[in-house]
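Take a look at the structures below.
Consider the two complexes below, in which chain A is the common component and chain B and chain C are the respective partners.
Up next, the complex of A and B:
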């Protein structure tokens, strides 16, 4: 369940340095998040969509992810047209739909998907480890990057630990239901997971101190930015400038 | 329990990002390298909690347990939750990069607040421990849902009813969070009181 299906590959996007991808993704996402005109949102979606296609994601996982994020937009489509308010209405049998609500729901759907495509094309094509090191080299606090890298490393261990405990509970005939007993059992399972994580943390810490750990991870590969990385960065920044211009020029005049 | 990307407006996003930066900075300042390993492990455990689905009525909800993390770590819960949310964004694309500030504020803010306020009760009698556990889970979830509703409402007043629906649908989740946090707290107090910064003698 916890995996990075898009992180391996050999496209243009996989080869670029994590730093330029983080900066590029941040600038494009920011522009798309702040935009409030539908034509610009469509353009943004098309641009990030083509970036995504260029990164050649695995189709099955891609569809699954797109479905997941659109559960929320679906919720908005079901609620906003009915509840948004505003003057204009559209009557379909007994339902009164607000046009403003439909406008809002479509804008949000376009924005959400546009930013999501950008995320998949630029960030999901890096491994979490290289993103963590990239963030550190971009100047994020070292402790925070340490937390990120280390939590990522231990995530799988703890998840397995929890699954082992749950399997043991099942073998003993535990069936989840709506009862206090169920909640208590889950609490104890999670409590035990915490206890194990805590003790594992202590052990790992001692082991690392013993090996002279001083709070800094030294990555095995320390890539230098190549000419292609700079080109990539400039392209991404130009794209975000273009989208900014588009969203500003298309602002509804009021 | 995440706001998706592309919904909130610039002022709300900025406000969330600034407050989250401040909270994370304070949390990191209070963390030294001796504790950082346990914090990262707990951050990973917090991530795993969100994969645990507990039955409620005909449906099921996933746990959040921010209040519990607040009780255990105090201010340290802030960076821990930020990191866990960032990992959730990377793995499941819940929330997003730009909206991370607001999401982190909505979850970590109440968690830290409840944790700091209710921590003194943990050293008290068993009844106080139970109450502290329940309130930490219930209130942190309540305030998280409220903050989220406020963020939606401030972005666009047309979201009022949607925000109300979101808030109402979280009511059963609050109860479950309260119960589970309560049970986990009493479990930890018995099994390994150091996690709650209690020493063994006071717990018995």
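Up next, the complex of A and C:
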């Protein structure tokens, strides 16, 4: 259901501690998000794109993911040039294309892809589990981190339960159609999945109580940061600084 | 001088229980004690076997009766916390029991809760996994294990807390013959005494010394096992064939 195709590998990105990758991804994406000049956004895309190539993702699933994210930007290209206003560039029959709209759409597309590349290179190369632990060790509230980890763990079980129910319905001749019967069946499926998940939640809690859980999670010790991790972190922070400088110096004077 | 015999490890006196929305009780007048026996527990579906385990562990409260751990009456939540350190319950469904992302974290969860340092918990967990033949499973992701592996890892999470008594709820369900054999070997090799709920009489015969059944809402001791023979019919019964182990 949630596969992690990029999380297995042996590049330097895969070997780094999740913590330095989280901090690196946060700083680079922050800089890219705040930038408002197109040349700097292009530079950002190039930098994060090279990071992505260095992490050697599997080409097919990479293309699929990039296509998915750009479905959203496609909608911006369909609407922004027509509606953003500003200087009129050209007219195709009754449609007026505006320069500012095109500018805005390209900026958003570049920024989106830049940040996306950065997340693929830095975060997708870790498993959800190690990201959860990384966040926890970075000092995020422990409850939130465990919420993430538990949801991730139980999502599979809930999904399996839903699949099982749906299969059972199918095996008894259920074919989804646009009918009241279909809607009723789906609402029963969802309802039943919800009830089952609730019950499961209670049993998991019982299992925890039986093993002495009293409301506080005690973490198992985890490996310390290595020298390479610090080097990696410094490189990522320098890249962010470079991009900040670039976006400030290229700021359109207005 | 009067010799006082050692109190049983666990004793139930006159336990009754009924579900809140049911009129008639599910369990009535249960009396039972365990010293060093290895006990099998049988009974029809819905007869209250799992409920009895939950009552023993303090997850459900009995309507009447007493639970004694080594002669000491268990009443408050604190008492039951004591019970949970000494008794380990293996759930029917391992997915309910394995909630941590990795195997090592899951096995270490119990020891950490009862006060082990992270380093101690890590060592205990690794040696427990080793004892069960699960070396190298430490960093495996729990939900990606096979059903049989999940069952043995779930057993490891219990054993890592070094309980004196194991309560196993249908442990051989849905296991392939190989994993079932492996579980039998493991259970026979453990020091702990246990109570096993199962419908698998052969499994119980290989792992238990006494058999109890829930009959008419109460617990009754079954006769010692006997060799018996009966006539039965098979398709192709004239061919040489084997019966279940």
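The definition used in the following text is that the second predicted complex is superposed on the first by the 241 of 254 C-alpha atoms of A that agree within 3 Å, B and C clash if a C-alpha of one lies under 4 Å from a C-alpha of the other, contacts with A are read in each partner's own complex, and residues count from 1 in each chain.
The rule is short, and it goes like this: a residue touches a chain if its C-beta (ideal position, glycine included) is under 8 Å from a C-beta of that chain, and two chains touch if they have at least 3 such contacts.
Predicted, not measured: the structure shown is a model, and the values here were computed from it.
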Consider chain A as the common anchor and indicate whether chain B and chain C clash or fit when overlaid. fit
Comparing the two partners chain B and chain C, which touches a greater set of residues in chain A: B
Can A:150 be said to touch chain B (first), chain C (second), both, or neither? both
Could you look at A:15 and tell me whether it touches chain B, chain C, both or neither (first, second, both, neither)? neither
A:85 in the overlay: touching chain B, chain C, both, or neither? Say first, second, both or neither. first
One more residue to check, A:210. First (chain B), second (chain C), both or neither? second
Angle at the Cα centre of chain A, taken between the Cα centres of chain B and chain C once the superposition is applied, in steps of 10 degrees: 70
For A:220 in the superposed arrangement: first (chain B), second (chain C), both or neither? second
So in the superposed three-chain picture, is A:111 touching just chain B, just chain C, both, or none of them (first/second/both/neither)? first
Between chain B and chain C, whom does A:101 touch in the aligned arrangement: first, second, both, or neither? first
A:129 in the overlay: touching chain B, chain C, both, or neither? Say first, second, both or neither. second
Min C-alpha distance, chain B to chain C, superposed, in Å, is 8
So chain A touches chain B in one structure and chain C in the other; where do those two contact lists coincide? 150, 152, 154, 157, 200, 204, 208
Quick one: which bits of chain C touch chain A in the complex? Just the residue numbers, please. 54, 57, 59, 81, 84-85, 88-89, 91, 93, 95-97, 99-102, 104-105, 108-110, 112-114, 118-119, 121-122, 141-143, 157-158, 161
Touching residues of chain A toward chain B in the complex: what are they? 1-4, 25-26, 29-30, 32-34, 65, 68-69, 72-73, 76, 79-80, 83-86, 100-101, 104, 108, 110-112, 114-116, 119-120, 123-124, 128, 131, 141, 143-144, 146-148, 150-152, 154-155, 157-159, 162, 176-178, 180, 182-184, 186-188, 190-195, 197-202, 204-205, 208, 215
Within their complex, state which residues of chain A touch chain C. 127, 129, 132-133, 149-150, 152-154, 156-157, 200, 203-204, 206-214, 218-221
For chain B, which residues count as touching chain A in their complex? 4-10, 13, 24-25, 28, 31, 33-34, 36-45, 47-49, 51-52, 54-57, 63, 65, 79-80, 82-84, 86-87, 89-93, 96-99, 156, 158-162, 165, 176, 179-184, 187-188, 191-192, 194-195
